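Below: one structure, written as structure tokens.
Letters A, B, C, D, E and F name the chains as they come in the text, with residue numbers starting at 1 for each one.
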Amino acid sequence: MSFARPSGRAPDQLRPVEIVRHFTRHAEGSVLVSFGDTRVLCTASVDNKAPAFLRGKGEGWVTAEYGMLPRATHSRSQREAASGRQGGRTLEIQRLIGRSLRACVDRKALGERTITLDCDVLQADGGTRTAAITGAYVALVDAVRRLQADGELDRDPIHGAVAAVSVGIYRGVPVLDLDYAEDAGCDTDMNVVMNDGGGFIELQGTAEGHAFRRDELDALLTLAGQGVAELIALQRRALAG
Amino acid sequence: MSFARPSGRAPDQLRPVEIVRHFTRHAEGSVLVSFGDTRVLCTASVDNKAPAFLRGKGEGWVTAEYGMLPRATHSRSQREAASGRQGGRTLEIQRLIGRSLRACVDRKALGERTITLDCDVLQADGGTRTAAITGAYVALVDAVRRLQADGELDRDPIHGAVAAVSVGIYRGVPVLDLDYAEDAGCDTDMNVVMNDGGGFIELQGTAEGHAFRRDELDALLTLAGQGVAELIALQRRALAG
Amino acid sequence: MSFARPSGRAPDQLRPVEIVRHFTRHAEGSVLVSFGDTRVLCTASVDNKAPAFLRGKGEGWVTAEYGMLPRATHSRSQREAASGRQGGRTLEIQRLIGRSLRACVDRKALGERTITLDCDVLQADGGTRTAAITGAYVALVDAVRRLQADGELDRDPIHGAVAAVSVGIYRGVPVLDLDYAEDAGCDTDMNVVMNDGGGFIELQGTAEGHAFRRDELDALLTLAGQGVAELIALQRRALAG
Amino acid sequence: MSFARPSGRAPDQLRPVEIVRHFTRHAEGSVLVSFGDTRVLCTASVDNKAPAFLRGKGEGWVTAEYGMLPRATHSRSQREAASGRQGGRTLEIQRLIGRSLRACVDRKALGERTITLDCDVLQADGGTRTAAITGAYVALVDAVRRLQADGELDRDPIHGAVAAVSVGIYRGVPVLDLDYAEDAGCDTDMNVVMNDGGGFIELQGTAEGHAFRRDELDALLTLAGQGVAELIALQRRALAG
Amino acid sequence: MSFARPSGRAPDQLRPVEIVRHFTRHAEGSVLVSFGDTRVLCTASVDNKAPAFLRGKGEGWVTAEYGMLPRATHSRSQREAASGRQGGRTLEIQRLIGRSLRACVDRKALGERTITLDCDVLQADGGTRTAAITGAYVALVDAVRRLQADGELDRDPIHGAVAAVSVGIYRGVPVLDLDYAEDAGCDTDMNVVMNDGGGFIELQGTAEGHAFRRDELDALLTLAGQGVAELIALQRRALAG
Amino acid sequence: MSFARPSGRAPDQLRPVEIVRHFTRHAEGSVLVSFGDTRVLCTASVDNKAPAFLRGKGEGWVTAEYGMLPRATHSRSQREAASGRQGGRTLEIQRLIGRSLRACVDRKALGERTITLDCDVLQADGGTRTAAITGAYVALVDAVRRLQADGELDRDPIHGAVAAVSVGIYRGVPVLDLDYAEDAGCDTDMNVVMNDGGGFIELQGTAEGHAFRRDELDALLTLAGQGVAELIALQRRALAG
């Protein structure tokens, strides 16, 4: 009855998702992903060298960097390049994106290459890290396809698909894909990264207000599974486009 | 039959846990916590000022910093003070410790104070962040008790208890409280922070090798619940000592 | 006869220019400006405080920051936030943008406010600083208009218009608005910032190959004057839109 | 009539210029240059290695660094070594000095060497960057002569001479070589780097107050040409000494 | 009569000294040294590479790093890793420890190896640098013994022993091994590093209040000689244990 | 017989010392001090504010900063402003200079002011820190005299004089005021700061080769006493000039 999400969405409803490939010209993969008003530019850059710690081992690496334009948010935040260090939140998110995407990459098949996924938030409205993972996957596939088209790879290093969504308990109700208004007001917030086999890759849950019970957790995981399945379908459609 | 943990422990068995209070003299709370060979010195320092962003709001703050002595590990790692920045792992862990302990603190009742929990790893053998959270809780209680003894607080700002443990899938079997040998070789690793009501405060799971299935996740969460319950009992015993 | 610009443009021809207002939601002014394949997102953020060095003097400040997404360029460049410092080129450009725009602002009329212009290059193809100045002017006007609409200002702090263009000698011929292919191969490169009265605000010329003669300089200045006049007309049209 | 420069100089008159070679012992070139009360110590250091980005290409590099002693100025400014970063003004100036001097160097003839020009301001009274360029040229020639004397070079890598001067509009009158009193009060300020053939190497003009008209610019460029010609004569005399 | 040290010790009496070897597991040498309430963990880490400046010269290096846990002191001090730089006091102390220990090492006999001595203060009560030197010597010997046991060394690179103690003038009386209460109140403070032959390795004296006379200096040096002799005897006993 | 210093000086002979006051114009005190080929520019800057930690206590502060121009030395060293941090040696020296000069200042009499002594080495040939202390004293007196002349001080905050010299054992012979050739080859090196009453303010001795015996130390202290007495006479003469 009385329950309503600020956006008017149903509890299990994603925001409108858009995945625009080839958004910029130079990168081997370049995707502008939108989860509602959250817009993240994800580029994949191929470097034909493995990072130093893997040199000579016959395998490659996939890594990520994350940034937020100073005025992507409601009020301007300081530019990290100007403050001289990336904050803890930035480092945490870029480590998460990197681990998530490495989960679908056969690094031997990639060979001694590094693919860097730069995820830069042009506009933020909650869920920037889940949008980034979802978009970066598409950019990664585009970059790998170009390597394949150039005859650089013996076999496809990508196995399966990876996408991410947030879930949370908002006013006592488990909801999918929180926007900023919900995120700021919710009790529990969880980011879930899964693959196309329904397996969990990363799970990061935080009780903002009260600790969450096992049954709440179960409901959230089920919602997340649905949401990721929809996102993976959207990735597929975009890649087929 | 063939399954054996490197340490010979049963799958649901914690390492020997030791909680030594008053390990150093100056701090308001000072605890040396051991989870097997992992040893973390946790101190709680009280500052009678709220941080700048809370000044004048009538509430306090609890925050954490984490460090690892350069030779706490098998091979020496560079001192972060010398390299000039705290790494992403350090920032991630100290943010986790801070959030976990704020979950059991009534910040209004604390008043305009800051309690800083410094968790410094003297020796590492896996699970340093879960040991840190478990030990820091005891240091926090000691610091608050001293404030109470000094008549500084109207009511107890601590509600309930908080402890943390890792769980993972090692050679296909869900196991509790991974040591370094298991951590390095396991497929899935999850850190679980819970309170004494069995509620979840933080959940951070990472699939290192293959993605984990929902039933594996369920088994891990159950194991973690048991482990945390044991740790909370040990905290209580130490605090009664 | 034989002279041809790589793009096929006439020597005195600008690239196609696009000025998209309201490109993102949160900023008081938000403009995506394109000079051909160079695309820069310019946002204007209003802060109702003067910077420390002007506090209490009854006047405001306009400043700029500049950044380049790591893969805005042909090959990926290191993220300045990760390297921990803004390079000399970045600092030089953002100082130039700030000075240029302050030239059309009556800082007393602005009152004790700071407007920060963030110019972030999404895609680079030469001329990013001139595109940034041209676009930032429009974002600045939008931000000031909003202040006026809110009744915050007694009189309009913007006097006139400011735009910028590059000129250079390419294969012996003075050309307007160099793209990357020309920039890399040209002998002399000059960035010219002018106002709508035909006055010079900034002039930065560099002889890459041989020093340039006075007559070459004269030809370049004339070209720049034409180009800026066209750009100011385009700014006006966009602001009227 | 009523026009007078604070120093009593004629509008087209340089300050007394002094060029003292061999001011310190260790550097391959060491020049103390004075433009009136502005005194800059310029040393040229030869390193028999090209910088990394030129290694193995058979050519050398000339680069510059600029600094200001903390109390070179009216009030003490913070030491950049203590603040942990070189400011934007410093980086801008040292990039300008480097580019200016590379304009008279045949880098193939120099061979795989790096010459670093350190320009440190002992006392500032306006025009430190133009004094630095003018003095650094002499230090560079001394360093190259020593290489020649040692039989290290096949041919002279220096072609022509480079010097720099500032010009500006002070109380409506175009003047040459601004000192601090004029610089602080002037409307327009331009730094001009030229060679001994009258060609322009760098041109950096800034309208501090009102934008400058084309005829003003023309007058300034003519003044600058005269000033640089005088400075180049003084460099020659010093090098002949 | 009326003279009394805050601790009740005789003027020439050391605090109780404890030297616990093998305090942590991973390091090649690991010593917890206590001078009264001052407790420092000293680890020696062997790296089978010489530092860059000695590569290929057939000799090794011994270096030290020093740190203080944030709450080793009466009030919490900022973590140097968080502030992003090691303070002047830290750098000064670690340079002193390194020089002191190199004084008893035959670097040719060590071969192309680096031994790093990490001295981390767990609890501070004055004299942390002298305790660190005294403990680090024992850790160094343990690390070298392990190399010898592994047949890695042809001959013993350690010649003699090194220890350190502070002396000072407290209320007009020369005293040995100052604790924090004395250190804060004393006029003159000297740190003396000596070897087992009674030779001086380092001497650092500072007059806090009035300058000290030659006869005072003589008395302090005599006291220091006695103190170091006792400490060297304690090191020997610990190493024999 | 066979003993000779590289410079031909007698063992107890200082290098030619020159103290030039008013070397630059802006600073309240500005002294170029030479100890032979070592030349240090020492400026004293007065700020009419106490540092934050003394605000409101009615006393002032004297502090020092030290720098070395990149090519003050035989081979060019990296500019500390460019590397982004002051090295340990720099911090150690500037702390020493500050402590030494505070030893002759009555900080109550100075009032809530800060005097900063910037000691910048233009040319180095050993003994830069002792030259810096000796010259900075003169700059400090000049700055204080100006405050007195302006009627800003009730009484003279300077009591006595402070100077510094190095001593060492060179080829077995105790010598005074080591130059670079001696410094590089000597066994023991001590910097001694004393006042005009013959009292010791700072003593920093380091055994480079073999540890030094008590009788050697005694001889060095006697030499230092003579040297400082001569330097204080030279300071007096300069200040009387």
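The criterion applied here is as follows: a contact is a pair of C-beta atoms (placed from the backbone, for glycine too) under 8 Å apart; a residue touches a chain by one contact, two chains touch by 3 or more.
This structure is a prediction, so every number in the text was calculated from the model and none was measured.
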{"item": "Set of chains adjacent to subunit A and to subunit F", "value": "none"}
{"item": "Chain-contact steps, minimal, separating subunit E from subunit A", "value": "2"}
{"item": "Chain whose Cα centroid lies at the greatest distance from that of subunit B", "value": "D"}
{"item": "Copies subunit C and subunit A - interface residue numbers shared by over half, same or different", "value": "same"}
{"item": "Selected pair, out of D-F, C-D or A-B, that shares over half of its residue contact pairs with A-C", "value": "D-F"}
{"item": "Interchain centroid distance [CA atoms averaged], subunit B/subunit E, Å", "value": "33"}
{"item": "Between subunit F and subunit E, distance of the C-alpha-averaged centres to the nearest whole Å", "value": "28"}
{"item": "Intercentroid distance (Cα basis), subunit E paired with subunit C, Å", "value": "59"}
{"item": "Junction residues of subunit E, two or more chains touched", "value": "84-85"}
{"item": "Chain contact graph, described as a line, ring, star, complete graph or other shape", "value": "ring"}
{"item": "Ring of chains, enumerated from subunit E in the sense that reaches subunit F first", "value": "E, F, D, C, A, B"}
{"item": "Contacting residues of subunit D [partner subunit C, same complex]", "value": "85, 87-89, 91-92, 94-95, 99, 103, 190, 194-195, 197-207, 210-214, 217, 221, 225"}
{"item": "Subunit D-facing residues of subunit F, complex", "value": "24-27, 30, 37, 39, 41, 43, 45, 47, 65, 67, 69-76, 79-82, 84-86, 90, 116, 118, 120, 122-124"}
